[in-house]
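Quick one: this structure, given as structure tokens, is what I'll be asking you about.
Labels run A, B, C, D and E following the written order; every chain starts at residue 1.
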Amino acid sequence: MSATPKLTVSYAPFWHNGSRISKKSCNIFMASLLAVVPGVYQYGVPALGVVALSVGSAMMWEIIMNILTRRPISIGDGNAAVIGMIFAMLLPATAPWWIVVIGTCIAIVIGKHIYGGIGGNPFNPVMLAIAILMLSWGKILDFNAALASYAFNFNAVYPLTLMKSFGASAVGGISLKDLLMGRQIGGIGATCGIGLIAGGIYLMLRGYIRWEIALSFLAGVGVTALCFNKVNPVYAGPGIHLLTGYTLVGAFYLITEDSSSPVNFIPMMIYGAGAGILTVLIRNIGAHVDGVVFAILIANLINPLVDKIRPKTIGEVITHA
Amino acid sequence: MGDLLVLMISCILINNILLAQYLGNCPFLGTSKKMETAVGMAMAVIFVLVMAGVITWVLNVYCLKKLGIEYLQTISFILVIAGLVQFVEMFLKKSIPALYAGLGIFLPLITTNCAVMGVCLINIKEEYSFIEALVSSFAYAAGFGLALILFTGIRERVLLARVPKPLQDTSIGLVTAGLISLAFYAFKGMV
Amino acid sequence: MREIIKMVVVLTILSTASGGLLAALRNSTQERIDLQVLQFVKGPAIKKILEGAANDPITDRFAIADGETQRSFFVGKFNGKANVVAFEDFGTGFGGNVGLMVAVDVDTDKVVGIAATTHNETPGFGASIETDKGFTGQFVGMPITSAPKVTKDGGKINALTGSTVTSRAACAAISKAGEAYQRLKPEIQKQLKTFSG
Amino acid sequence: MIKRSFFGCMTPKLSYAVVDESYAEPVPVSPKKKIILFFSPTGGDSPQPAFKVGDTVSAGQKLCITDPAVPYMLSSMSGKITDITSMTGIFGKKIISATIAIDDPSQQSVDESFKSIHQAPGLGNAMEFLKCLPGYPGFGVFADKNHPVQTIAVLGMDNDLVSATNQYVVKNNIASVKTGIGVLRQITGVHNVVLIVPPQLVQVAGSSGATLKSVDMAYPSAHPVLIERYLLAQRDKPQNQTTVKSVAFFTAEAVAAIGAAYNTGRIPFEKIITFLSKDGRKRLVSAPVGTPLQDILDAMSETLGDGDRLIVGGPMTGFSVYSADYPVLPDMDTLILQESKTIPEQPDTPCINCGECIRVCPVKVPINMLVRYLEAGQFEVARDQFALFACIECGFCAYVCESRIPILQHIKLAKHTLERL
Amino acid sequence: MAKTIAQEFTKGLWNEIPPFRLVLGLCPTLAVTKSVEGGIGMGIATTFVLLFSNALISILRNIIPPKVRIACYIIVIATFVTVVELLMQAYTYAIFRQLGIFIPLIVVNCILLGRAEAFASKNKLLPSIADGLGMGIGFTLSLASLGAIREIFGYGTFYGMHVFGPSFEPFTFMVEAPGAFVCLGLMLCLMNLAGGK
């Protein structure tokens, strides 16, 4: 053969639409800032510290696990930073440093790397971390106690605790506009309703999250809350349920996590709506103050089964009967 | 009726035999690599557990208690269960071969399954009435089946993931079971 | 044939030996086991509600037949007089039966104290019935026959926080204990006499 | 036809190339010193060529392999066989390559066997002489008596992106296509001929005498399987009966070549290739089958650098070759030269379950699960439970895959491995 | 069969240590290791049964007819389990309560039947005793170490003594059911690493 230069031999596709994991991570990260920045504004420097530590420690755990499992360093795909960011969004601004470090360790190590890293995790890593922390150090995640030192110009009681203890009448005075504008207490990135909604819409439009899941989750929460409210007005209506606690952050940043959610249309609807219904069930008749975390874990659990419902493949050839 | 429903939900979801009571883990990890196997095992456990629960309850109330020899519970229960499984196996083989083909291979595994023995002992310990014992046996077995099938769905995927070598198989299986158990905390306080 | 005979013989001998061994062991340990059960299960509760008694209530006890069952009564001596009995009854709680030891002053028919014995309630919720003096203290001094109720059911008892179910169980146990007490009071008084002095 | 996200309006739509003024007349390229012919035996133990080094061949002479399952090739030039080698192509496919040092263009000797029979067109002599025409006409379907061909579909559209070869033929050479259609009707006896064209060529194609169907420009609507399913499906027939082979597909280029062959008695060898150079310019080239790609590169004054890629076939479904010493093949519609720095990287990331592939797959293959089993090497499960063989190999899934998994490569490899079992 | 008695003993301590190398008997491992005490108690009870049943079955191995051997093993094992049950009730009642139904469940622990079938029925008395003791002690060590890890992090104590300062907030997850599974899974991973797997 003639002395041609060494050509690269590789496989189709030779063109690509340019999507990549790091790009998606970056977009999610930026979108989450829409909710995190108002949170940091509200809670001040401690919140900024929690966010920075969370993102930083998540990336640190990622590197440690890459080294331990002898895999290429993968912080470049930004997934660890996204996990750190989303985790920080759920924490109170006063979370102690060790809670943040342990939490990101659980998310990255247990939630992600022991399943072989990105794409392998059957559960949402952030949800696992929060659930384990809730189980162990519940009072640190109790927003009323955690944020007691702040003086706000609004009623600084976690609306879901109010609702749990005193029923809908206790939250009747809260205006939905206040909730939307973030005039409530909660996680650093979970209170500013419009920030979350704007970020969510951006991500849905760009196709980074699947709108089917996010919207069916919100619909599930709304419809179930409405049913409860109509049957017995002691239960709060859909507006409160949709705008408090982790509902919005759950719809746009948690339940849409790729690896633990379905990809087909009907399963996505079942998955999202199921988690929504369960969220309100837990809030209204279950033990936990906010149901989003455990509802998403249960939804993750049924994901492999529901995702077996898929459209019939056209022209599927059964070669072996 | 309402009480029985509460008992049922509690046995399936809240006090799930595998995830909260730690019973029946060996078959749980052993039969969860393929969906068909898991479904077969779930059926077999429901079948045997309901029979064993009822028979040991009767044995305890009408025999051991009457004679005042409750300390022979352990030995008599295990013999009854072992005998029952043998008998069921023979019976199925002769009369319902189709069912035997489906469940047969799982039956011997069940003899040494602490879930069966455990539920029988729980029925006695909780002093359930006959009907409660029947419901709880069924519900515990159904809870086992539910957990097993959910676990298998996940495990089928985990088997395809790039799990680090030392964690593969039983190790990751146990961790996953723990996380499922964590997810089941969702139902706490619901009944 | 010989094989079958051998099988039967071996199995029979084994079972007999096993039965014999266990029966013997059972007989020799029975008393100790009963004592241990009292000490570990009922003991702490009894000690708590009969605090300051001059005697050891666990050894000073008697049993009365109540229909089919035997009820144990533990005697507390105060001021040199055996006037308090403690006994157990049950209510249905969050995780099954809640056993409640109730101490009654036979002179006044009033509750001296209550304490949980066996239960399967959740730590942090119903299980605080063991430690929550504010809850158990509410019953002290009320007539044993008053059939208490939690506020949600129209009564006066403030439930343990977040654990109405457990609190109901406690109330039910006391109501049942009151009924039993009324039934057996003559017999109790008769038996108590043997401890006084 | 492509299902896309309801809100996914911002994802770019992937369209076929449109032949327009940016495509100039094909640049004629002729081989300089040699031609290379590839024979790919599909079966047989050790097929041997029925020719040997040192043989002289004339232009249009038929070269055979002893194994009858192997398609013959016609030499496009006259010359002398200098080398015969066996090599291994993709997926371990066996290829026999024959190198012919060509005679001086002015002294070409021509084989006349086809000329003698060209006035009596028939399926028999078409199969005997015309199988390796540019465009690679497949006459085999007509031999299957169980599934009689009812429709001949002529593709005035190209299968992959970039390529405008067939569109060019329809636009500039509709007369030859018309002649070819006539010949096809005559030799096959099938009168229902459908010409598939992009919307903007409907007018031009009107004169072809065939029924016209225009196809959506969104990739991969022009895939034969999809055309058969959606454009040619008969209303009264259940859709899943498409397995009955009742449509014969020919590219417009092949049809035009058939027409030319029977009209003139001279077998055409010039393959029209869409060439995409490093700077993204698209040009058409016409070169005889067998021309080494190096000659085309030279003619286009393109130079190969280290790490560049030379891709035969389109960007979605083609394959890259390891040397420019690779011949023009009868079905090579596209040739792409890709500079090393524009090559999309393919990191070794597992599927993250993003679902993009599911949205674009035209036949709804459950790709996210399929790739897991394929990467784990469990091909049987992939076939039995995840519709491996329903894939029409359009490559769209790999184009959008966020993890950049070469999904199509996995699929082809799995199919190939299973078929070899 | 060239193994010495010492080898039979030590294999249970590392090479075949249950439940890590022989993945059997998971349920008690998960259930009783909330504390070191529970782990050791369960381990000793299991060792006791394992030791005696191995010994007895080894002695009887030539008498037991093969067809009913499983039944015989079950009788032998169940007898010793009941013995342990009675003795623990009589002398270590606190641990007995903690272990609950897992004491009677020793009878279905696969390790016991496994050793009976795989070892004692084919070997002489001394090796069988060594095997039983080794496996039992290995099991005890495993349970104790798992119990230690879970107790230290979950309660902040070791055998009831505080190990961290008073500001330590216990990692309750470790002593709950999910923690049991996760902890055992991760320990299994460490053992695999240590075993060079």
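Please note the rule applied: a contact is a pair of C-beta atoms (placed from the backbone, for glycine too) under 8 Å apart; a residue touches a chain by one contact, two chains touch by 3 or more.
No experiment lies behind these values; they were computed from the predicted model shown.
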Would you mind checking the shortest number of contact hops between subunit D and subunit E? 2
Would you mind naming the chains that touch subunit B and likewise touch subunit E? A, C
Comparing centres built from CA atoms, which chain ends up most distant from subunit B? D
Pair joined by more contacting C-beta pairs (A-E or B-C): A-E
Most distant chain from subunit E, judged by the mean position of its C-alpha atoms: D
Per CA centroids, the chain at the heart of the structure shown is A
What's the distance between the Cα centroids of subunit C and subunit D, rounded to whole Å? 88
Where the centres are mean C-alpha positions, what is the separation of subunit A from subunit D, in Å? 47
Averaging C-alpha coordinates per chain, one finds the centres of subunit A and subunit B separated by a number of Å equal to 34
Going by residue number, subunit B touches two or more other chains at 71-72, 75, 157, 161-162, 167, 172, 175-176, 179, 182, 185
Could you pull out the residues of subunit A that touch at least 2 other chains? 110, 114, 116-117, 119-120, 132, 135
Touching at least two other chains at once: which residues of subunit C meet that condition? 18, 22, 26
Run through the chains and report each pair that touches. A-B, A-D, A-E, B-C, B-D, B-E, C-E
Spell out the part of subunit B that touches subunit A in their complex, as residue ranges. 149-150, 153-154, 156-158, 161-164, 167, 172, 175-176, 179-180, 182-190
Would you tell me which residues of subunit C are touching subunit E in their complex? 3, 6-7, 10-11, 14-15, 18, 21-22, 25-26, 29, 32-33, 36-37, 39-41
Residue set of subunit A touching subunit E in the complex reads 110, 114, 132, 135-137, 140
Report the residues of subunit D in contact with subunit A in the complex, numbered from low to high. 5-12, 14, 161, 225, 229, 240, 242-243, 294, 304-311, 313, 315-325, 336, 338, 340, 343-344, 346, 348-356, 358, 362-366, 368-369, 383-384, 387, 389-390, 392, 395, 398-404, 406, 408-409
In the complex with subunit B, residue positions of subunit C that touch it: 18-19, 22-23, 26, 96-97
